[in-house]
Amino acid sequence: MTQLILEQALNGLQFGLMLFLLAAGLTLVFGIMDMINLAHGSLYMAGAYLTAAATQASGSFMVGIATAMLATAVLGALVEVTLLRRLYARNHLAQVLATFALILIANEVVRMIWGAQPVLLNTPEELAGPVRIGGFLYPAYRLLIIAVGALVAGLLYLLVSRTRVGMWVRAGASNREMTEALGINVRLLFTAVFAAGAALCALAGAMLGPLLAVQVGMGESILILAFVVIVIGGIGSIRGALVGSLLVGLVDTLGRAALPSLLRTFLSSEIASNLGPALASVLIYVLMASILVWRPEGLFPARS
Amino acid sequence: MGFYTTSTPRRIAAIALLAVLVGLPWMLQAIDQSFYVSLASRMLIFALAATSLNLVIGFGGMVSFGHAAYFGIGAYCVAILAEGGIVSAAYAWPVAIAVAALLALFIGILSLRTRGVYFIMITLAFAQMVFYLVVSLKTWGGDDGLSLGHRSSFGAFDLKDDTTFYFVVLALLAFVLMALDRVAHSRFGRVIQSIRENETRMEALGYPVFSYKLVCFVIGGALAGLAGALLVNQTGLASPNLLHWMQSGTLMVMIVIGGVGSVMGGVVGAVLLMSCEEAFVEISPHWQIGLGLVLLAVVLWAPLGIAGLVGWGRERE
Amino acid sequence: MRPARHLIAAAALLVLATSAYCAEVAKTTVKVGFLSTLSGPGAGLGIDIRDGFNLAMKTLNGKLGGLPAEVIIADDQQKPEVAQQVTEKFLKKDKVDFMTGIVFSNLMLAVGPAVFANQTYYISANAGPSQYAGAECSTFYFNVASQNDGLHEAVGKYVQDKGFKNVVLVAPNYPGGTDAMSGFKRFYKGKIGEEIYTKLGQLDYAAELAQIRSLKPDAVFFFLPGGMGINFVKQFVAAGLSADTQLFAPGFAADEDIIKAVGAPMLGMFNSSNWAHDLDNAENKRFVADFQKDYGRLPSLYASLGYDAAMLMNAAVRDVKGKLDDKTAVRRALEAKRFKSVRGEFTFNTNHNPIQNYYLRVIGKDAQGRITNKTMGTIFTNHPDAYVAQCKMQ
């Protein structure tokens, strides 16, 4: 039983860290420019497709990831400079709609280039099997995801909390006008942040691609989760995004695993098997709604 | 602001449009394309749903990203009641409206405490809860949705006939639009629009802002429930995709294309979007690119939508 | 008097002849509405059915029963409401003579009532929900594939015969999935460790695999068509479960599309099928060779079903001499099934579902070193489905 819980906790950690890669960029964009970007999930999709293409062309997964991160960062910067910039001054409705339009366009462009069927991206041969940790076997590739996610989270945390650039970013998120008045080029800063966020998206897409599937629409389902994460954590806060990601990852995975059997202990198995999955899948939304009712600005509000 | 009352040309335009819509089934029959009658019904139903969202966003200024929840719940209510043997529209449709209104009341009370982005996100979260609940409950068909064997019975009218059904939908939509136009000019309408423009001022003037917004939110939800009840009758299936957040997005797209805050905005947007879909699908499987580009163009250069372009938009102070 | 009588007789004959002609006018073209899942994770299956169907049309020179045929292809996106909208268009606007193509049973159940009410013949090239084999059977529904339970019953029988004692079952939560579980359990009588239902379209099976690990079964039976199966097998092997646990699947989940995507981890997996590309008959040899020539890959069970669906339509249109408005004649012609299937002989039961053989296949390397299915033997001979007794066909 403890082994099962441990394994599920690892799965939750893996899921949460990948969510963090998406949420980090999203929360900064959201925090600094007060901009809702629904197309963030499309960058994740682009990253996965580019990784698949580059991996196939070069024969190396590492080269594939690096190329995809670079290309997605450039793509993100381009979109920011040409389009998103025009939307900062607009209301949220306009932002939601314009980036919703971007989702439609991105999905169709990908469908035109790669077709409607999922694209194949396999786990590198040497990571396809399990490794033994403690008393049980665990997929090597999932361990790698955990390692990469933890590493990036750590670096990002140091970057934002310990460096000068990080200070600008934090300043931009908590009070944009003041930061501008201090002579910092917020525009340039923002393009850079957006490109970095896009690269993190690509990394998440590349890491999850072999595990899940590289397909059109893959960004939409995970996008909503990323939004849940940053709203729970507090918009604009990297620390909030990390806490939120791990919370969502663990609650979702453990809820799915434990709720049905937990309910079975005090309900009839008929009702439990019907109710269990239903409750498990709404758990994170209940979590988000209750946190918002309790703290309307999230756990770690950047603007205080 | 009103589409029906302000000027003679508009009144004439409205009457002409209504005449065309009333004559549509016979025209389609004349050219042997009766199939399009059911498509027209679907468009009008979506027009009603979009109009209900326009009430919340355009008039109330509350950017709700979870409107599909009320739309879908309305559909599910009718299907669930039919499963239990209640097929009369006289019972099933009001129940659908009431349940959607109650859901909107519950969500509204909790969500209206938050502002801006947090409001968008919390309405989305509640809609997702409803979506996942419905999808996971096997008794309600889960992923497959719930089929409605027969359309609701509606007094002397036979709703199974596509043309009759079309007229029922048209009559309901016309009624709702006229009522909305009335409301927009009533005291309530003026207060809610002033709240949209400047909430703090209205609060300072002593208006119970929260209650006004809540009432507007609940009416929007109730109308969406009616649209859902009609849609399940049209398609015969309460599908979980009706509750999906992409559906909320599509409804938003409709009102932005049509015109946010214009009485006719929802109708124009829904009809335009769905006709484009119908037409583009024949031309190219990649029609969504075109849709995306049009939408971007509207957001960037025509923020008041088509209704705004032709002068039906809301008046600016 | 006499001339008048002749005149009346002649007129009467003429009227009779015209009315007969009007009633049974031979069509000049045949329209087929092909609705299938052509995008998303389930697309591989729909595309195989489509390619098989198209190959048959090519073999038949674009004609069905000698008449020029128009095949309208549409994508249901694996969404019931999209399937319904397209079906409405097929029936009311295009006025198709036949429909076929649906992969997923939930979509079949969503569109079935409208199709049958419109008196249009539906030839199923995959979806075989238990409802349409049993209580809700229709004269307008013909299943050229198999009732959903069939392949699962065959695996259940084999697993039972091989003496496995503790089996975990995994299937998506939809009609095809529940049919799979009941089919397997009809012939496997040992202990069921757990029945795990997953979300249709689910891609990450980490939680389920952890659960399986803790249950320590000696075999796992899974039915996850398309992309779901690809991910499940990959993750199953990656989690190290394949060392102690034997995987079993129906042919749907171990077919060429999945083998192509997963590769070596599939080696040694047993599965059941009502068709195999190495079945020894003339039609099959030609089909497999033509398919490989045109599409550059081995055909899957789905492709063979699409091919057979077209061949059944061809035979029926030929036998009624194009008089497709005579619904009873079309029904008799379909029931007679006068064509040679690529899977050898099969007949339609009274519920319009097939009575056929089910084979055991194992995934191995063939003479050319390709990883592919190899037929090992016959599990069931002339096997009917379990629901036929509940079907009261008019």
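The letters A, B and C name the chains in turn, as written, and every chain counts its residues from 1.
Everything that follows uses one rule, which is that contacts are C-beta pairs under 8 Å (C-beta built on N, C-alpha and C of every residue); 3 or more make two chains touch, one makes a residue touch a chain.
Since the model is a prediction, treat every value here as computed from it, not as a measurement.
Seen from the Cα centre of subunit B, the chain whose own Cα centre is farthest off is C. Counting C-beta pairs in contact, the pair that comes out ahead of the other among A-B and B-C is A-B. For the pair subunit B and subunit C, the distance between mean C-alpha positions equals 39 Å.
Mean C-alpha position of subunit A lies 32 Å from that of subunit B.
Subunit B has residues 135, 138 in contact with two or more other chains.
Across the assembly, subunit C contributes residues 75, 173 that each touch 2 or more other chains. Across the assembly, subunit A contributes residues 111, 277 that each touch 2 or more other chains.
Contact residues on subunit C toward subunit A in their complex (touch as defined above): 38-41, 43-44, 47, 75, 173, 197, 203-204, 206-207, 210-211, 213-214, 227, 230-231, 234-235, 237-241, 261, 263, 265.
The part of subunit B that touches subunit C in the complex is made up of residues 33-35, 38, 135, 138, 142-145, 147, 149, 235-237, 239, 241-242, 285.
The part of subunit B that touches subunit A in the complex is made up of residues 57, 63, 65, 110, 113-118, 120-122, 124-126, 128-129, 132-133, 135-139, 245-246, 249, 252-253, 256, 260, 286, 288-289, 291-293, 295-296, 298-300, 303. By the touch criterion given at the top, residues 1, 3-4, 7-8, 11, 14-15, 111, 116-118, 120, 122-123, 128-130, 136-142, 211-213, 215-217, 253, 256-257, 277 of subunit A touch subunit C in their complex.
Contact residues of subunit C toward subunit B in the complex are 75, 79-81, 84-85, 88-89, 92-93, 106, 109-110, 113-114, 173-175, 199-200.
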